[in-house]
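In what follows, subunit A forms one complex with subunit B and a second complex with subunit C.
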Partner chain A sequence: MKLLDIKQGIKIRWKILASSSMFSFKESLAYTMNNYGNFLSMMVYMLMYLVFLDVLFGRVKTIAGYNYSEMLFFTLIVQINYYLTFVFSLTSIDQLDVSINTGELDLWLSKPVPALWYVTFRKINLGDLIFSAIPATIPLIVMLSGKWNLLNISLGGVLAGFVCIILGQIIIHCFQFIISLTAFFTGEGKNARNMAMEIISFGDSVPFEGYPSALKVVGFTLIPNLVHTALSVSFILGKSVNYSFLLYVLLLTLVFLWLKTKLWKFALSHYSSASS
Partner chain B sequence: MEKVIEVKNISKIYKVPVKQNFVKSIFIPKNKEITAVNDISFTVEKGESVAFLGPNGAGKTTTLKMLTGLLYPSSGNVKVLGEIPVDRKYVFLKKIALVMGNKNGLSWDLSARQSFELFESIYDLKHEDAEKKIIELSKILDVEKHLDTPIRKLSLGQRLKMELIGALIHNPEIIFLDEPTLGLDVIAKRNIREFLRNANKEFKTTIILTSHDMTDIEKVCDRVIVINNGKIIFDDSIGKLTSKYRDRKYLTLVFKEEIPSHKIEKYGRIIDKKPLTYTLEVAGNNQAKVIAAVSEDLPIDDIDITHVPLDEIMADMFQKE
Partner chain C sequence: MKFVIYWKTALLGFRQVANYRTEVWFQIIQRLLVLGGIVLLWSVIGKSYDTGMSFSQLISYFLIANGVRELTDGQYGKFGSKTIDDIKSGAVSSVLLQPTNTVLFLFFKNLGTRGVSIIFSIINIIIGFALIPRVSILIYLFFLISIITATIISYAQSTMVGSVAFWITEGKGIKNVVNHVTRIFSGALIPLTFFPDSYQKFVILNPFASYGFLPATITQSQTVSLSILTQVLFSIFWAGLFLNLSNIMWKRGIKHYEAIGY
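Entry: the complex of A and B
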């Protein structure tokens, strides 16, 4: 019986994931010009950043022990992480905030869906992945071509880095989600959400080795912004090869998932619903 | 009869910020407690059609939200279809529907049909069954031509009809409706009322409705729960509610020429006054005498006799409270 419940639970969650993705994709097609606008703005940002990096490395040889090729690779992982957050997490969190504010969450809470799962994956922005993320990353990949042999990449490092990206994404999603739950109490969580995004982005500023010890402690505990990019790149490029740290990252992920579930239930029990 | 809703002594207390000066409100915010629902109890049986009536802020919508599991009661117990609503169990949520006249459950950018496809997945419906239901409902509500139009391009009435279809696509056992005809034209209102009445009578769907439109209540519901200041002040059939006022009648008198008010006042209490028309409230056993006297004394063109309307009865009840 219990196994049947689990199977049913997985089936429902998969259906929600698939239909929400498809639904959001259709929504993103509703405004074609908006997709081009988004693509162009990201393209401009990426090109400006590459120029900045080029100028910077015209004056210095390394930043935090990373040479030009390694910094390009670091930027690639920053870019990938940014889009993963944007596509799989941020848009759904934005939607949650808006729906709390307008009271539309009422209508979703009255549907037979696992509420936490639903609000987490309500809007998977596949449109942005296709129209914006992939094209805007192409210049970076072009810049990196011919430089791969200059990077110290090993299979073990790539696997560890991949695990770190996935777990790091889950951790920062939970962090942002928890911060956004303030909307249940204040009615609006946009600024809190922006703050969370800034904190997360801070972890993408410089390579792992560039952070002072105190910030590293904070970045792996209370404000977990060093896993998804900084640590991942460090593993992939063989800068930090202490694989046992992966166990700690796994533990941190479980803690944040537990916190997300608990605080969601707490927030729901205090939901006051916007007046009709 | 099977009880589908059991409410025992529920209360809901909200905390709202106290108005203070700017600095205090930022650094030492204070809250006060507002009792929206105060220790109410009632039961609803399967197939009943019940209206929650009350002035603004009486606690109707809060009660509705506690019944659907959106809000946790501050105290007391609620059971709907044998489940505690805030547990939000799959089997419970699959059997209910919530329609809120002023909230959008459908995607603004997509067509209603595309949103219905998502609901089809959520409710785990067979495509053929869902499609059949959508066609059936859209025909009744006269929106079949607009199923593929983006929601943002629809009128308010068409949008609300689509919301209603989306809410009913899974044949719910209980429909909760909060102001379902808000902003609709008379024909749309009539269609929705007929549709709800039909669902209630034919399929024994339990209906719980809040509305400020008394015609909604009269046309759709058999029972009325009147709430004021968070407490139930009346819970019985509409017939019982109106019977208290059956000894009074409203006479609408249309004259051939304008008549000053003082000439009318002696026949009864003036309820409404327009250039050639007066509406008087008179005792039921006195109406024949009044009609005879008015016809003899004044240049009367037409007379209409009605019961005291439900909204007047409500206004009277709330004022007494």
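Entry: the complex of A and C
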């Protein structure tokens, strides 16, 4: 009986994931002008950031021990992380706030679907990933193309970095989600979400080695903004080789997942519907 | 009498936003983080490169540059963003029927909702001034002129960006593009003196330098040099040009506007 429940649970979660992705993709195809707008914005952002790096490295040799090629690679990981957050997490969290405001959340709470799973994955912007994010990264990849051999990349470092990106993404998603739950109590969550986004991208121009110790402690505990980019790049480029730290990151991920579930239940118990 | 209407609109907008107190705090923390990120980056750069400024001068530069950019709405261009929304949703129709200047009315409506940002930016500027040696009255006067021209340029830029919505409904992408460009060329992220010497002079005279680089550089100077005077004159020129262009664009755009049910 329990095994059957688990199977059904997995089945319905997969269905939600697949249909959310499909619906969001069709939606992005319907609003093509949005795609052009997003692409243009991401492309110009990328170009402007490259101008910034170029100008900066015209005067400066290294930033926290990272040379120009390493900073370009660092920027690539920053961008990948931003797109992952934007595609898999940000839009769904944005919509949670609207659902609370309008009372639309009632509809999903009354349906026989896992509500937390649904609000987490209700919108996966695959269209933005394909039409905007990937093309906008091309200039950066072109600039990096002749510089790969200048980077100190090892297989172990890449694997550790990859694990950090995945776990870091889960951690920052949970963090953003927890902050956005304040909408249950305040009725409005836009600035809370913006603040959460600013926290997770805080210092995304600064490599791990440039952070003061106090900020490193905060960035690995209460405000976990150092795992997905700073630490992952440090691993990939062989700057940090203490792989035992990965165990701590795994533990941190589990803690944040647990916190997300607990605080979601707590927020729901204080939810007063706005729809009736 | 007319100005009272605009002022009351701004006050109403501020009151509406101030009702969500927790949100106000989140907004303040967000602004502090943006500034903190820039300070962190430059403190790291300062360790390996002589920027030609002391640490307090550097902090003062970024506090004033980002403060002015925020004060004049040059940072996020929220007025442009709101205008796009109003045109898209048709909400601009009711403003068009009023016996007021539509763009000015929309500007003041948005100004009130930015009340918290404005207060925060003024605090930044005051702290920025406190970190540098006392400056002369003339420097204050030039600083004031640069703020006025920056406000006009930002107002005109947002009007032009907003007017795009008359032709294409999804103008937010254009707004973001402009914001990304101004972020670099305002000097709020990197002082424009870092640009290569070969084209630095042209970059310094760009219209967006008025949002950050110009006011921050004025405050770092003890006297009004020829370079500052040239930059201020260019800033006045850009303000006049942008204002005229924005008027033309708005007037042309409004002819394309269609609304149902109003």
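Heads up, the rule we're going with is that the second predicted complex is superposed on the first by the 274 of 276 C-alpha atoms of A that agree within 3 Å, B and C clash if a C-alpha of one lies under 4 Å from a C-alpha of the other, contacts with A are read in each partner's own complex, and residues count from 1 in each chain.
By definition in this document, a contact is a pair of C-beta atoms (placed from the backbone, for glycine too) under 8 Å apart; a residue touches a chain by one contact, two chains touch by 3 or more.
Everything numeric here is computed off the predicted structure, so don't read it as measured data.
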item	value
Clash or fit, subunit B versus subunit C on superposed subunit A	fit
Which of subunit B and subunit C A:G156 touches, first, second, both or neither	neither
Touching partner for A:F52 - first (subunit B), second (subunit C), both, neither	second
Partner chain(s) touched by A:F23 [first = subunit B, second = subunit C, both, neither]	first
Touched partner set for A:L107, first subunit B, second subunit C, both or neither	first
Angle at the Cα centre of subunit A, taken between the Cα centres of subunit B and subunit C once the superposition is applied, in steps of 10 degrees	90
First (subunit B), second (subunit C), both or neither touched by A:Y271	first
Subunit B or subunit C, by number of subunit A residues touched	C
First, second, both or neither for A:A115, with subunit B first and subunit C second	first
Closest approach of subunit C to subunit B (Cα atoms, Å)	5
Residues of subunit A contacting subunit B in one complex and subunit C in the other	31
Interfacial residue positions of subunit B with respect to subunit A in the complex	14, 61, 65, 68-72, 86, 88, 90-94, 96-98, 100-105, 107, 109-110, 114-115, 117-119, 121-124, 150, 176, 178-179
Partner subunit A, residues of subunit C touching it in the complex	20, 22-24, 26-27, 29-30, 33-34, 36-37, 40-41, 44-45, 48-49, 168-174, 176-177, 180-181, 183-184, 189-190, 194-196
Parts of subunit A lying in touch with subunit B, wherever the complex brings them together	12, 15-16, 18-20, 23, 26-27, 30-31, 102-104, 106-113, 115, 269-273, 275-276
In the complex, subunit A residues that touch subunit C	31, 33-34, 36-41, 44-45, 48, 51-52, 55-56, 58-64, 182, 185-192, 194-195, 198-199, 201-206, 210-211, 215
